Each structure stands twice: as structure tokens, then as C-alpha cells.
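Got a structure for you, questions after.
Chain lettering (A, B and C) follows the sequence in which the chains are written, and residue indices restart at 1 in each chain.
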Amino acid sequence: MSLMSLTAVELGKKIKAKEVTVVEAVQEALDAVEKKEKDVNSFVTVMRKEALERAKEVQEKIDNGELTGPLAGVPVAIKDNMCTKGTLTTCSSKILRNFVPTYTAQAVANLEEAGAVIIGKTNMDEFAMGSTTETSAFGPTKNPWNTEHVPGGSSGGSCAAVAAEECSYALGSDTGGSIRQPSSFCGVTGIKPTYGTVSRYGLIAYGSSLDQIGPVAKDVTDCATILEVIASHDTKDSTSVEREDYDFTSALVDDVKGIKIGIPKDYFGEGLDPEVKEAVLAAAKVLEQKGAIVEEFDLSLVEYAIPAYYTIACAEASSNLERFDGVKYGYRAKEYQGLHNMYKKSRSEGFGAEVKRRIMLGSFVLSSGYFDAYYLKALRTKALIKKAFDKAFEKYDIILGPAAPTTAPKLGESLSDPLKMYLGDIYTISVNLAGLPGISLPCGTDSKGLPIGLQLIGDCFAEKKLIRTAYAYEQTREYAHSPLA
Amino acid sequence: MKQFETVIGLEVHVELATKTKIFCSCSTEFGGEPNAHTCPVCTGMPGSLPVLNKQVVEYAAAVGLATNCTITQNCKFDRKNYFYPDNPQNYQISQLYLPICRDGSIEIETEDGQKKTIGIHEIHMEEDAGKLVHDEWGENSLVDYNRSGVPLIEIVSEPDMRSADEVIAYLEKLRMIVQYLGASDCKLQEGSMRADVNLSVREVGAKEFGTRTEMKNLNSFKAIRRAIEAERERQIDLIEAGKEVIQETRRWDDTKEYSYAMRSKEDAQDYRYFPDPDLVPVIISDEWLADLKARQPELQTEKMERYKTEFKLPEYDAKIITGNKKMADVFEAATAICSNPKKVSNWLMVETMRLLKENDLDADQIPFSPENLAKLIKLTDDRTINSTVAKEVFEQVFANDVDPEVYVEEHGLKTVADDGALRSTIEEIVANNPQSVEDYKSGKKKAIGFLVGQTMKATQGKADPATINQILVELLK
Amino acid sequence: MANIISDETIEYVGILAKLELSEEEKENAKKDMGEMLDYIDKLNELDTTGIEPMSHVFPVHNVFREDVVKNGDGREETLANAPERKDDCFVVPKTI
């Protein structure tokens, strides 16, 4: 049995107990990568040499008692939109294909401090714009459950790497569902924390008001453990929040008695695959049997989340991505006539189609004459959506629904119709608009054998309730390893 | 012939005197190797995030309070999007929707001594851009981000000025206020104060404003004056020729005394302002505001009153000295050492002003230390040197900030003291000038002046005239 | 499609966003943007009168730094990824 089939916490225990060395664990991860990458393509950069060197260093620190945490020595993969000092960080874009950051993202630095060994940077939709990991400039990642299918996105590389057991766990980022949806497609567990819980410093921005880094792993215990390590109040990120509770693992309790769960009727209407619906409702039943109080309710405004989201995210992205101009770093066109032509050529050659599409839309909604009608309207809608959730959380502890309307589509099916692809984000997007925490965890497979994800949504800063509910549900099932594991 | 009136509003950028940049902990120090004062934040590295320097808010609010503005107690930052290489993120963090100060005014004195109120539309906080160096012969420009992220406030006036004189008076008043607050050194030449001039003309009596242009790159009061005159003429010429003034930004070339339009088809002037999601609102509570008010330093009017009462300076002196922060600082520091406010005031009002003018310097640029002025005054007070020598020494203090004690010693300028040498010199002069002695004794008291003069000549000016006078009176009894 | 995006609009947005699109990309952009805007127009069904635009979900405010210099000479790191550098500066096509 491979060490990579263990959860991160299990492997961490074995390392601590000296049953395995850090080098052995890391070597196994690297071997798995070596063997599986041709099928999965989860990684943009594999850090073979650095990881093995770092493994020795971490082993020493474990041996001399400097590192005692649960993740010390456990191999991790990092989504390629988080800066890692000295290691290529591309956002899966041609425009950053040679960019080597001079500093490390705070969330990654927190992991390193806890003794994590980074084995590589994972593939993603270019600049996190997409839901399939097909917009990567380095080729699509494939779903370890069926390589003819997409892994979801944008953290497709991270989720596929965990599902394919190329690493013990991974970090992803979630702007509109980019952790939860691919977790669902790949049969793994992922948390999008409350906005401000994990520092965004060093996360290459897509939609700054929506982006959050979160864990992707095999189970809820791992996710809570990882979140406990990466979450911090960071003075380098003005939107970072100082929380009272960082002890997320204390919520790993198999007890949901009295927990009030609301199921939004709006999440079970048109467009939802019947098999997904069945699996998700069955999960609700399980929780009810364990003592939770489950009710249906009207969340309202669900259909307005996507247009509001795309307006806000694209507007912010159009500005966030202005810095990629061929002057300071990244790709510069080979031939150009003067400054503005250099900008245009570098950006047009450096960005892919989906990124350009969103930059164009974002620039337009902010432009003179349209700002009020589109951008401010979207921010007002966001306020209403937040209010609708506030109202729901007066009554319920947890909102339960699917993570995505379907299981993973086949490669090549989604990009031809962007609007349809955007509609797939319907259950995840409003969580980002309202800054809420959400978790996606496996709740079954469809008739094609593809995983189905259950999404639980908590109120702001209510990660512990979320973790507890997810943990209690998880105790009723076995973790299903993907065929590529 | 038609009579035209010029309507002018100013956008004044002031670099704040903080130690660090507005959104990162890099030094704002002037100079340094290119890009030495930079970090991921002020160079727009991917993933970097801004964190606001509290001192910037305090300086901006202080300027607002001193210019009678209303402080926006819930203000925010917005992004102004435009591509230019001196702007590493290709957006500038500024304030459009909720600037920190609004609706203020300052009072200026016009040439004819009348008071006039100039409205201040708003003051907002923003970041400065980097510097572009143009390779004259090559095809490239070089970018240095040392200035990128240096905090600025932009003070936007109402279109209340009608002449270059009013503009200069406004700028001088503004500069004085900001300097008093210690919020900036406001040096036009070094760019820590920059003024863009919005100018239009209209026929006298017209109700509507004409189309305005914005003039940039004005690096001195003289350039501002010339640019205003030239732009006024240019617009009047256009109107009289039946042409239209185009609303545009123009760049002033002071050596050619000519401006040209900065338009380009790549410059859409559509900045797509929106609230910066990376920064949170600044809420200035009533308590904070009260604290800011309590901490406002003494401004000119208060200082002037204090000088009149505490130092017994005449109104005129008090006004001139407090008219410039640097001059007032030198005055106070020198007075604290030598305890002779009237003499300090005199040295500043007469010799200092004369030498500043001769050297074409501003009062800001007073080149000597108050310690050396105080020492000089002490040397005259205890009659170590006489006033003629003092003036000569002061020129050295002004030019090279020399230590007067050392200088007097080294150059043997001490007054010849009342003993041996001086007394015998005087006795000799008395003996050699019987006519003057006779005149004096017969009542022509003025004759003593000649004898004093002769003594000064004989001592090469090193004797103290008062002492000579005293000895002479004694000898001639 | 209710929103018809003109060639001029695409041209204009291209100037704002500094993107140079091929003819084919322009046609696609016109179609995609029109469709997206039609979809976004759905927001007009909502009455948002009196609702404040919400930029930040949490009422976090007054996050400041003290005015203390902490960064040293950042030259090498700043210029480490420069596509072209000269005399410790970034090189760009002449701007005037």
C-alpha cells in the first residue's frame, strides 16, 4: 500500500512515530507523480530536487523536536497561483511562464513553518478563470476517476493530485467554487473558508473581494488540520480578519444532534442532474437520522448570483491583471512598435481566450457610462444576497445542497459555450459573494462511476459547525479511492 | 475689443513627509540607487497587497483641518486604471468617490491688499508614480520605482482664481500651511509640491465658464506664471479667430515657453474607477477627529500673536518672520539660545532677507543653523566683536554656516579691548589731532566722531566704537 | 440578443484593456460579450432602490501600518524577473 493512500494526518503520525521517514514519504509522492502525470497532468512544476532536500531538513527538525505538528514531513502540492519563493509560479498562463517569485505566499509560509514539504505546483484554469482546468496554458488536467473527463476547476490540478494520490493533500483557491466544485468532481474534500480567514498575501489575485485559499484533502479531519495551520491574521493583508477561533480540529466531533440544516428548494430545481439530486438528498437523510433537524426553505435570489458574480469578478480581474504588461516580469512580445503596441502584443499573446474574454467584460462594465448600471448594480445585488443568507442563518446552522449541478463533464464539452459553463457555478458562487465558508465532500457516485459532491455552507466564521456536520456525515462512509490512486 | 477674464483652478500634489511609502514599509528617502527603495508592493508584484500607512491619513486630515475642510469620517480608496510604465500595477490607488476632505477654503491677499477666499473642492490621498528616464539617443526609457508609492495628497481648488498673482498667492499660502503642519517640505523644484493648472477664459460678464485645459509639468512659480500667461493668450487667440478651445491636457515646456497637447489615441481617459477591494474603509471617529484637532500644531496666525506677546516683536516683524515656517523655526531656535528676540528678528529681517534675495533663494532655503546666528548675536552682545565685523562674519555664516566663534578667533577679528594697546592708540590720536580736541572742548561734541573714526582706522576696525567713545570722553575731560 | 456590441465598442474596450484581437477574436468577443450582458441584464429584474453597493462583506475598517521603515535595498529582487534591465532600471520602449 502506498503511503499516498493515507490521509495527511495518518501519514504525519507514521512520520512522527518514525515508522517512515520524511524522505521515504516524499520519494513516494514523487514516484507517484512520475508514474501518473502522463495520465493526469496535475502539475505545472514538480520540485523533485528541492522536495528531497527539504525532506531531509524537515526530518532533522522532527528528530530534534523542533517540528511536532500533525503535518510535519507530509508532502503537499500547491496551486500555481500562490507565490513560492524561488519556484516558478505561472497561474497556468503563458504570460507568467517564466515568473519566479521573490517571496512566498503567507498561507504557504504557514505550511512550511509547520514542516510541510512542497513537492510541486498544480495546474489550474489560467488565472483561476474556468471550471474545468482546460484553460491552462499547459494542457488540461484529467479526472483521475475517468481521464476522459475534466477534474473541474479552477483548482483542478490540486484536486486531481489528491485524488490520484500524487501527494497527501493540496492547497487550492476558491473565487466562485474553485475548490468545492473540483473537489466534488474528483471525489475529495475541500473547504473554502470564511473570507479573510486565510491570508491572500502572495495569492495572485483574480477577484480580490472573493478569493480565498483553502485545503483539499481526502477527508474532513485533514481539511480541519490544514486549515488550522494555514489560517492566520496577517498584517500584510488588509482584508485578513483576526478570528477568535483557530482551533478547527476541536470541531471533529461525530455529533449533529440538534443541528438545524436548511435545504434551499431553489437548489433542487431545473438543471440539476437527478442522480446528483438523489445522492445529495440521501446525504441529508443520513444527517437527519443522526439527529440533525432538516428542513426545506426558500433561499431566494439564487439565479441572480451568477450575473452579479461575473460582473464583480471580471471587473476586479480586469484591474488585477493590468499589471501583466511585459515590463516588470513575465512574457514580453518579441516584436512590437512602441510602448502601447508592446503592451497589447504582450498581453494578447500572453493571455488565453477565457482570460481575455473576462478582461474585456470587466473593462466594459467599469467603463464610463456603464459603471452604475452594471458594477454598482452587481454590488447592490451582492448586498441583497448577503442579506438573504443572513436571514437563512437566523434559522439554520447549515445550508445543504449539491456542489455542482452535474458530475464531471467530458473534456472539451464546456469551453464552446462559456455561458453554460458559468451556469455550472450556480451552487457555489453565492457563498463567495457573501464571504461564507463552504465545504464539499463526497456523497456517492453516479451511474458512470463519477463522484458526486455534497456542499455544506455555514454562516460567517462558523467553520466549526461546518466541520462538525461534515465530519459526522463522513463517519457514515468509506473513502473511495480513485482508479488512478 | 472684447475683454476676457481668466478662470483658474488648481490641482496641487503634495508629497507627504512620511518615513515610509503609503502602502508598504519602503523608505521615501530622496535619491538612492534606482529601484533600491522598492518591494513587491510598490512594484506591483503578483500577489502583493497594500496596507495603509496611518501617518498618511493623519497628515491628510491635518491639512484638511487647517484649510477649513469637512473631514469625511468614512472614506475609501479607489483604483484609477490606466496603463503607463511609471505605474507598476497599471492602476493608481487614489480616492474618487469618498475623498478624505471636502469643501474647504483658504484666504489669500491679492496685490491690492484685499482678502479673497479660494474654495477647496476636495483633498484626497493617493500614491505617487515611479520615475522614467529617457535615453536621449536610444529607443528606450528606463523605469525606476523608488518614488512609486510615495504618499501624495491632491488638493483640488474651486475655479476661484482670476490671475497668475492670485495663483501664486494661493500656492504660497497653501505651502505655508502644509509646512507649518510638517506634512511636507513642499519643494517645487524637487517635485514635492506640484501644481497642475486648469484654465479657461470667458468674456467679462459671462455667466458660463469657457472650456478649460489642464496644464502639467510646472516646476516653479515662474513657470506657473509664464504658463498661465501663455495659455490665456492661446485660448483668447483661438476664440478671437473663431476657433474652439479643446478640453485637453497640455504639457508645459518652460525652456521653449510653449505647451503642447498630450493626447494620444491610446489614451482613452476612461479611468474605470472602482473601490479597491484590497483596502478597507478608513473610519475617522469623533474621538480620533478631536484628537487630530488637539494635536494640530500652532499655525501662522497663532504664532504671530504669540511672537507679539511673548517676544514683544512689532506686528510687521512678527508677520514677516511667521510668514515662512523655516524662518520662524530659525527665529525660535536662535532666540532660545541667545535670549535676544529683537536682535534675532533684526538679523532675519535685514541681513538674511538681503542675502536671500541676492542669492535668489526662498526663505525655505535659509542656509545657516540657528546656533550660529545665536553665537554671532552673543559675540556682539558681549562686545567681543563690533557691528561692522558682525556683518562681515554673518556673510560667512550665511555662505558657509561657519561657527562665528571659531571664525572670529581664526581671523583675529576680536575687538581690541580697553587696556594698554587701545588706550595708547587713542592717546596718540588725541595728540595728533589738536584741532578736533579743541573743537570738542569748545562744545562741538560731534568732533568726537572723527576721533572715533581715526581710532577705528588705526585698529583696522577691530575696536569697539562704544569703548573708544568711552575712553575718549574720559581723556578729553 | 438585446445587447448588440459594435466594432467600435470592441475597439474601445481593446484600448482600455490593452488587448489586440484578431478579426475572429473580435467577432467572438462581440457575441460573448453581448450574451453575457444579456444575462447580466437579468439583475434589472431586482429592485435595488435604497440598497448600498457592498464592496466588503465584513465591516472591517482602519487597518493600518505604523510609519516605520522595514524594507532594505530591494533592487535585486525587484529586478529579478525583468524582461529587460539596464542600469538597475526596467527598460521599456521610449515613452515620449
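Operating definition for what follows: a residue touches a chain if its C-beta (ideal position, glycine included) is under 8 Å from a C-beta of that chain, and two chains touch if they have at least 3 such contacts.
Quantities reported herein were computed from a predicted structural model and do not represent experimental measurements.
Student: Quick check on this structure: which chain has its C-alpha centroid closest to the centroid of all protein C-alpha atoms?
Tutor: If we average C-alpha coordinates per chain, C lands closest to the whole-structure average.
Student: Decide which interface, B-C or A-B, involves more C-beta pairs in contact, and give its chain pair.
Tutor: Spelling it out, more C-beta pairs touch across B-C than across the other pair.
Student: Distance-wise, how many Å sit between the C-alpha centres of chain A and chain C, to the nearest whole number?
Tutor: 23
Student: Please tell me the distance, in whole Å, between the geometric centres of chain A and chain B computed from their C-alpha atoms.
Tutor: Whole-Å distance between the two chain centres: 55.
Student: Taking each chain's centre as the mean of its CA atoms, how far is chain B from chain C in angstrom?
Tutor: For chain B versus chain C, the centre distance works out to 39 Å.
Student: Multi-chain contacts only, two chains or more: what residues does chain C have there?
Tutor: Within chain C, residues 12, 16, 18, 55-56, 60, 63, 65, 77-78, 90, 92-95 contact more than one other chain.
Student: Could you check chain B for residues that touch two or more other chains and list them?
Tutor: 40, 43, 51-52, 81, 83, 85, 143, 266, 270, 272, 277, 279-280
Student: Could you pull out the residues of chain A that touch at least 2 other chains?
Tutor: Counting only residues that touch two or more other chains, chain A contributes 99, 102-103, 209, 235, 238-239, 318, 322, 325, 327-329, 339-340, 343, 363, 367.
Student: So in the complex, which bits of chain C are touching chain A?
Tutor: Residues 9-10, 12-14, 16-21, 25, 28-29, 32-33, 35-37, 39-46, 48, 51-58, 60, 63, 65, 77-78, 80-84, 90, 92-95 of chain C touch chain A in their complex.
Student: Would you tell me which residues of chain B are touching chain A in their complex?
Tutor: 40, 43-52, 79, 81, 83, 85, 88-91, 143, 264, 266, 270, 272-274, 277-280
Student: Under the touch definition given earlier, write down the residues of chain A that touch chain B in their complex.
Tutor: Against chain B, the touching part of chain A is residues 82-83, 89, 91, 96, 99, 101-103, 105, 200-205, 207-209, 235-239, 315-316, 318-319, 322-325, 327-329, 339-340, 343, 363, 366-368, 371, 375.
Student: What residues of chain C sit close enough to touch chain B in their complex?
Tutor: Answer in residue numbers: 12, 15-16, 18, 55-56, 60-71, 73-75, 77-79, 86-96.
Student: Spell out the residues on chain A that touch chain C in their complex, using ranges where they run on.
Tutor: 98-100, 102-103, 195-196, 209, 235, 238-239, 241, 301, 303-304, 306-308, 310-311, 318, 322, 325-332, 336, 338-345, 347-348, 351, 353, 356-357, 359-361, 363-365, 367, 374, 376-384, 386, 418-419, 433-435, 460
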